[in-house]
Structures are given as structure tokens and as C-alpha cells.
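Multiple structures are listed underneath, in C-alpha cells.
Each of the next two complexes has chain A plus one other chain: chain B in the first, chain C in the second.
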Partner chain A sequence: MEHNMWQLLQIELYKIFRRPRTYIAFGASAALIIILQFGLKVDGSEYASFMLQSIGNFDVQGKLLNGYLVCFIILQLMLVHVPLLVTLIAADMISGEASHGTLRMLLSKPISRTSVVMAKFYATCVYTFLLLVWVAILALLVSLLIFGKSDLFLMRSEYIVIIRKDDIFWRYICAFCFAYISLVTVAALGFFLSSLADNSIGPIVATMSIIILFTVLGTLNIPVYKAINPYLFTTHMVVWKDFFDEKVNVSNEAIAGTIENLPSIIHSLLVLTVYIIVLMGATVWVVRKKDILS
Partner chain B sequence: MSVFIVHLYAFANAQDVTVLVNKVKAKLDKVNDYTAAGVLKTDVAFIKAPVSNVLTYFKKPDHFRLVKKSGISVLPKGGISVNMGLVLNTDNFIALDAGESIINKVKTKVVKLLPNDENDNIVLSTLYIDAATLLIMKAITTTKDNGTFEVDMFYGKYAAYALPDKVLFSFNTKNYKLPKGLTLDFDEGTNPDEINKLKNKKGKIEIDYSSYIINKGVDDAVFK
Partner chain C sequence: MHPVISVQHLSKEYKNIHAVNDLSFTVNEGDVYGFLGQNGAGKSTTIRMLLTLVRPTAGKIELFGQNLFTHRNKVLRNIGAVIENPDVYQYLSACNNLKLFARMSGIHPTTNQLMEQLDMVGLKDRADDKVQTYSQGMRQRLGIAIALIHDPQLIILDEPTNGLDPQGIADIRNLILHLSRNKKKTLLISSHLLSEMEQVATRLLIIDKGKKLVEGNAETLFDPAQTVIELETLNNEAARIQLSNSQWQQALQPQRNDKILMKMHRDQIPELNVWLVQNDIRVVGLQSRHSLEDYFLQVTNGTQHVATFTN
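Presenting the complex of A and B:
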């Protein structure tokens, strides 16, 4: 059985990386990151002054625009885009086969439908992982090479956080791991919608629409929508930023190596995991019950 | 007659404190420049900053800079008051006697210092001077642009140069602007009560100096 799963996974990975569409995501994310890095390299000082306008009473000294801050800015901007790129592949995994008429042939082999669905899901997870590693290399490592290292100066909604440069890298590792779970949630949603359709476009557009709708609902400060915010997966996807907030001691000194709101991160991770389990459970159930006609 | 005597007494007192301020100034003037290593602690409700090692540079007449080596430091504008050499860097002032006060168990002379120059950024300084040692124990400085700052100074092995081992710099954060999350943050806003709680506190900056290098020259490039 394990041998079968490994073979299935290899086949699914081959299918993913044979398609030109797969590389759109790598190209698009690289283009976006390089454009941002170029802009900040050329006009970074202007951006830094603009950023500091809101704390005019303070004199900030040091290398504000360093690789760590640039990476944070890039990740903030890519918050909406990377999930959309994952959708391009995930939402096509089952429905793509259906639209090409290969799903029936695939499921006629002596392998359980659950194994086929899970192999496709694992392959999507591998693709998502590679995309995230690509983004991490470009956004973090290349930014550090171009802009250098220094402390991370962040202006949260109502306060400033300064994190020492030797206390940042591990936070990015944690943030990328968290982002991976977020993206797998998006992949699971795409998968579920893909299991309901017989064409590629429908599930891709539907998944993107849900992400955009939930993101917009999450940013609206209207009480009726605030009530549903805790249940939207997009609300929990942004919690990676909490890795970049420190606890303080009684003298209000930031304590290196701490995270201000770890329970909130764990809660969000659990919510996202529940989303993944429910969506994948539903996908397996739909595919097992489905009358395959194409 | 009595009015004349009161005026004469006030004039004599003003003369006394001017002499005292000039003696303090002469002591401060022994330092042409210094480089000091210290530890910076920031206690401002809406700033989370780690304790960090800093270097401070001073050069006559009015150059002062605090540098956190390869890091980022945030200080309230008007850091001028961190250094008394800058407060007393002019002879063009009026000194008024404002009585006596006990600061850190030391009896001090309270002197109000008014600059004669209308364009001076400092509007008023209140100095608490230990007349015996000619050291400024505390200073309250009101500036045109950056409000009022309180500086408490604690002396040790560099007292002969009037350079403190520890400087405690306090300021009211009530009128300070809070950040707006311009790192393209999509956070939810904090409620207004929380914001006011953060703002209605005194901010404190503490620098504990471990060593000074005095009168050995400081490159002008440091201040650019």
C-alpha cells in the first residue's frame, strides 16, 4: 500500500511539474519580489521617511531598511497573492482530470479512490512547499544579501516593536512553517471544490473568489461581519505576523526569544488544521460517492 | 526702602546663582569631547525595545549623537537634554534663584535658566545643582519643538568631569503620535481606551554608562 502511494505520488508530481502552468506561480512570485526589492533599493530612503512620518516625535537611528524589514514587507504584500497561485494547481487536481477525461481511467485501476485523492493532495502539498521555499529564498535570503542585516523595526497598529537582529531568523522559519499550513488550507479548499466540478476553471475561480471574499470580510470593521471573523480561515492565515511580537518584562524591556501571543498562534494553527481535515474528509467522501462519468 | 532692599536681595541672589552656574559651566567645559559606552533601556508604553549596547559621542560646542552599533534605536526628539554640556553651551542666559530642594538625598540649589536668545530652542531650564560638588543632579528642560524633558543624573567615577554614570531621561508621552502600522499591516485596530492608556504614561529612557574616553578627539564624521 505504501509502495503504491509512493508511486502514485511520483506520478502526480510528474503531472504537476510537466504543466507550464506550474511555473507561472514561480515566475509570478519571483517577478513581484524582484520588482519590490528593486523599488526599495532605488527609493528605499523615501519609503523609510514616509514610514516614520507617523512617529514624528521620535528620532529613529540605524539601518531601518534592511533585509529583514524588506522580507516582512514582501510577505505582507504577498498575503493574498501566494494563495491564489496555490489555487491554480490545487483546484485543478481532480477537475482537471475530469475535464480531460482521464479521471475515469485513473479510478478504474486497482487502487482505492481515497489513495488517489490523497496522493494528489500530497503532491499539491509538495508543490506548495517548493513554492514557499522559492518565496523564502527570494524574499528573505536575497533581501538579506541585497539590503544587509540589522534589527527589525516594525510599526504595528498602535505600537512599535524592535527585534534584535540575532533574534529574527528563527521567527521567519516559524512564520514560513505557519504560512505553509495556511497555504495547505487553501489547497484543501481548492481540492474540495475541484472534487465537485468537471472543469478546471470553475473550482479555480471559486477558490479565488472565496479567498478574496473572506479577506474583504475580515478587513471590514462592521460588527455583523466581525462576529464571523473568527470562523474564516483567512483571519487565521495572517497570524504568522504574531511571531514578530515580543513579550516585555516589568520594566517594559522586550525579552529576546519570546512571542507575545503564542496561544493565539496555536489556536489559529488548530483552526487551520481543522479546516484541512474537514475539507479533505469532505473531498474523499465526495470522490468515493461520485458517479464518475468523465 | 523695603522695596529697594527686596530688589537688592533678589539681585544679589541672581548674582550668586549666576556665579554658581558659571562654575558648573567651567567644570563642564573641561570636557571638549567624549566617547562613552553604555547600555540603553527604553521604557515607553508603546515601544517594545530590547536593552541594547550604545555608544554616545559628544564634541563641543553642540554635537551629540547616540549610536546603537549595527542596530536601530528610537529616542524622543530633543535628546539634547541627555547632555548638560549642550544645555549650558552658551553664556547668553539669565539665571534666577528658585530656592533649594533635596534630590536623591542631596541638598541642591534650584536655578531657573532663561536663554536671552529668542531663537534658542530651549525655552526654560530648571537645574538642581549640588553646590558642593558643582554637579547638576537633575534638569527639567522645556523646548520649543519637543515639549518638556526631565533628566536625572547619577554620578560616580567620572564626577570630576561632571559626566554621569547613569542618566534617566523622562518625558510625557501624552501628546506623542502613535504609529499607524505603515509596514502595510492589516491588523485590527486597538480600541481607543487602550490607546489612551498607552499614551497617558511617562516615557523613560535610561543610559547606564560603563566607560568614557574623554578629550581624546572625536571624528566629525560621527555626527553626520
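Presenting the complex of A and C:
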């Protein structure tokens, strides 16, 4: 009987969701979001005043600290946190099986190595999707329930963005979809490093180190590093924020329902997609060639 | 007899180390093929090549008459294997591990079939316990259940008695005999213990440093006429002189340690015993073993000899 990818995916998902480790990510995300929401609920007005101090005399009407702003704050803070949680699973998918000795059992079955790797990758993508949905429910929907709905007031380095409350929700949906592609890129990196090792710790630490290193390089204002910035995946991972920039008309008024720099977002999506394809192609190549000695 | 496994000039080199060196052998349908060698002799590497886990540097492998690497999935569907320690998913129960590996082998057994399989290896009562609570022996038995769940024609067991207590070893031996005699399976079993293989194997291959040393039928190799006696007396010097002047002269072997070595038919041992008593030779110890075991021990102790056994 031939295996199909759906069967293999079911098996991989079954393994992922039977492991206690899987739920650490869900628990850790929930804890972080709840702590932030609690802090902002208790001392939110002070935080809002602090925000407004830097822009001088500005008359704000309505509810500044609303669910949309809280979600934005949470997502900014979780920018590094969520990729690390994805790494915990992705970088363990191949090397974890190698270190536990189950990889040799798996690869001596009548299933091609490419199918095994791809089933594992798709399962990681499903896990990443569910984790992101979990974060979205807690960060956006729960924040809206607790803090209510109002216009979104964002401070950028050179200007202020105010988006009407009925023009925000779809931007979050787009931002979460973009974040999903970013996280899949991290998963692909974890997978590639996982294919090179026979233990879990090395690929997990290496993936996390690369994310941190690339993020640091991206923030350094040194010409030699600025030149490589466009090629670092971490540079493109933060582009989700561009969904919260509107176009302006000749009178400098925001046009509802528009995105200021859509080509830049599409460019970043393409770069991340190329990263995913190259990393997964390399992973399949390595696993197909590898002697299983563990 | 159809060859189930045909290995020709197989080699595997790791950075100038020949793990397997020009190895050729054939396993026929119905064989219980004992694959012997000391640790590091190349047994596991050969088995991994038979399961496509390791790619050979040179040589050809055919299973069921088909090239292993061009018909990989079709061939592997007919193989059940336990490679070294059968590592399974610790966080799953035996039943769930069995179900999961069965699905990977392309079958969907019912709960009754899973339980039957676990019953056969004596794990039915612990079917729902997580594997992390299992002893080494129980894991070994679960590995065998996993290897057999899809009813393969060829079963490959790499050191199946590793870490087992005497009862566990006896159980595995009985299971091997059951699979061979009643289920008509072909088995390739690797071990570093000749005494284990002696009891189950129909054919034997001994390798060392990746090279074939001996291959042949167990009946021929374990010929009782080739029994080695290790004799220890109160005065070995005097006993040796007495033996060399008696009808036992032809049986005496060159001295290897402080004991007297003799080779004879197993049936002659009682007669020797009587002669020793009659000649007032005080015996401290008399041990018999097959000459193949004697040879194997020499090889595994690092002294290589040229094999003189015939098929």
C-alpha cells in the first residue's frame, strides 16, 4: 500500500501533539500575553501618558489604550519570542529523532526520505499555524474584549499614524498571515540545521543564535552591515508593521483601506519564500545523502 | 531455494576506515542466518546498508531478486528489522508505537491484531503503559513486535538479545525458532555470541574488520568431530607427557595457555574422562567447546587465522 502525504502528515502531527514539550509554547505565549494585558489594564493610563509626552501638546480624543493598540504592543514584544518557540519544535524534528534513535526505525520503512522530511515540515507548518492562531486569539480578540475597540494611534520615528477603528481588523489579519510566512522561514532554518546534527540542542541553539545575530546586524547602523541588511531574513520579518501605514492624498490625509508600501511587503514575502525554498531544498538534499549512523 | 539476500563485493569506507570490505554472502529463503563478529566487525554497518540507512561505497545488494536501491520501497515493505536497541517513542504506549509503525509500513491493523502481536512478545498486559516505564528487555520485545507487525518475509535482528536477562534470551530464541519453523520466515540475526547462534542458526557467517572469515552450514560448522577440550590438571606438564604417550596423542593440540588443549569427537569425552581417572591424573577442570567457538574466540581476541571450514 502506497503512503500518501496526508497519512504521513497525520502521523507527524500525532507525534507532535502527543509530546508535552509542544504545549510549552502555547503556555509560554499565553503567560506572556496575559502578563502584558494585566500590566496594561492596571497601569495602562500611565503608559499612554508616557507615550504622549514625547510628542508634546497633542489633544487625543477617544480611548487611546484600546484592544488594537494593546495587540500591536504585544506583537512588537513577541517578535523574538514566537520564533524561538517555533525553533524549539522545528529544530528538533529531524535531529530529535536521530538522538532518540527513532530516525533509523523511520527511515528503514518503505517511505522515501523526501516524503519523511516534507511530512515533518508540513506538520511543523501546521503547528506554527496553530500557535499563531493561539497568539492571535489571545493578543487581538482577548485584548479587544478587555480594552474595547477604538482608533489605532501609532507613533513612528518621524510621524504619527492614526487608523480608524473600522479599518484595522483586516490589517491584523494580513499582518498575521505575513507573520506566518516569517515563522515558516524560521522553521525552515531550524529544519536545515536539524538535518545536519544528531542531537536536538545544537540545532535549537544555532537557530536561535542566527535569529539573534541577524536581528542585531539589522539594527547596527554601520555601512558594511547595512549593505547585507536586504539579504537577512530577519530584516523582512518585521515588515508586517507596514500593513499599519496608510497612503495619503495630496492634502496629506490618510486614505482608508490602503497600504502605503505594498510593493515592499510583496518584495519581503518573496525574499522569505526564496529562503524557505532554498532551506528546505538543502534539507531534503542533506537527508537524502546522509548515512544514518545514530 | 531462492536467494532472499544477495550481497556482492559490498564495501563501506568512512574516511579511510574500511567498515565493510568486499563482503559477499547469500541468504536463502527459510534460512536462519547467523551473522557473527565482534563489536566493530562491520555487522551493524552491513545491516544498515541492507536497510538503505547507509549508502555503500561499492558493491551490489539484491533483496528478493531486486536491486535494493532502485526498488527500495517495494523491497523494504517485505522486511521487518530491529537495529541495535529498538528505540521507539518514549512518550507513547506500546500499543500506540505499534500502531504508528504499522501505519508507516503501510498497514492499518485492528486493535485485536495489535493486541495479538503484543501478546506474542509478552507485552499485552503493559500495552497501554508508556514505553519510558519499560525495561530494556521489554523494549527489545516491543521492537520485535514492531518488526513483525506487517508480516514481512525477511526479518533482520541486530543483536536481539542485547541487555536481556537469561529468561529474556531464552524467550527471544524460542521466538526465532517459532518464526522460522512455524511461520516459515527468513531471518538474518547478528550477534557477537556464537553460543547463541549455535542454537538457532541454519547457516553462519563470521566477519572481522569488515571481511568475511567463515561462511557455511551450521551442521557442517558445528560438526561434533571438531570438539575442543580444555584440560587443567594438578600437574599439566606430567599429564601432557602421559597423554602424548597414549592413544590420545593424535588429539593433542599445540599449547596456547597453561592448559592442555585437545581436539576430538564429542562422543570420546567420557572415554577420556575414564582414562584420566585410571591413570591417576588429578583433574582440576575439563571444559569442552566446539572448535568453531574456539576459532571464533581467537578471532575476537584479535588473533586472526585463516578459516578452514567448508560449506
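Remarks
Simple rule for what comes next: the second predicted complex is superposed on the first by the 291 of 294 C-alpha atoms of A that agree within 3 Å, B and C clash if a C-alpha of one lies under 4 Å from a C-alpha of the other, contacts with A are read in each partner's own complex, and residues count from 1 in each chain.
As a convention for this text, contacts are C-beta pairs under 8 Å (C-beta built on N, C-alpha and C of every residue); 3 or more make two chains touch, one makes a residue touch a chain.
Please read these numbers as outputs of a predicted model, since none were measured by experiment.
In the superposed model, A:101 lies in contact with chain C only, and not with chain B. Once the two complexes are overlaid on the shared chain, A:144 sits clear of chain B and of chain C alike. More residues of chain A lie in contact with B than with the other chain of the pair chain B and chain C. After overlaying the two complexes on the shared chain, residue contacts for A:154 are found with chain B alone; chain C is out of touch.
By the touch criterion defined above, A:253 reaches chain B but does not reach chain C. Of the two partner chains placed around the shared chain by superposition, chain C is the only one that A:18 touches, whereas chain B remains out of contact.
The contact sets of chain A with chain B and with chain C never meet.
Interface residues of chain B, counted against chain A in their complex, comprise 41-52, 66-68, 70-77, 79, 146, 175-190, 194-195, 198. Within the complex formed with chain C, the chain A residues making contact are 1-3, 7, 11, 14-15, 18-20, 100-102, 104-112, 289, 291-293. On the chain A side of its complex with chain B, the touching residues are 50-51, 53-64, 69, 72-73, 76-77, 79, 149-151, 153-165, 167, 218-219, 221, 238, 241, 245-246, 248, 251-256.
Residues 48, 51-55, 72-77, 79, 81, 83-92, 96, 100-101, 103-107, 146 of chain C are the ones touching chain A in the complex.
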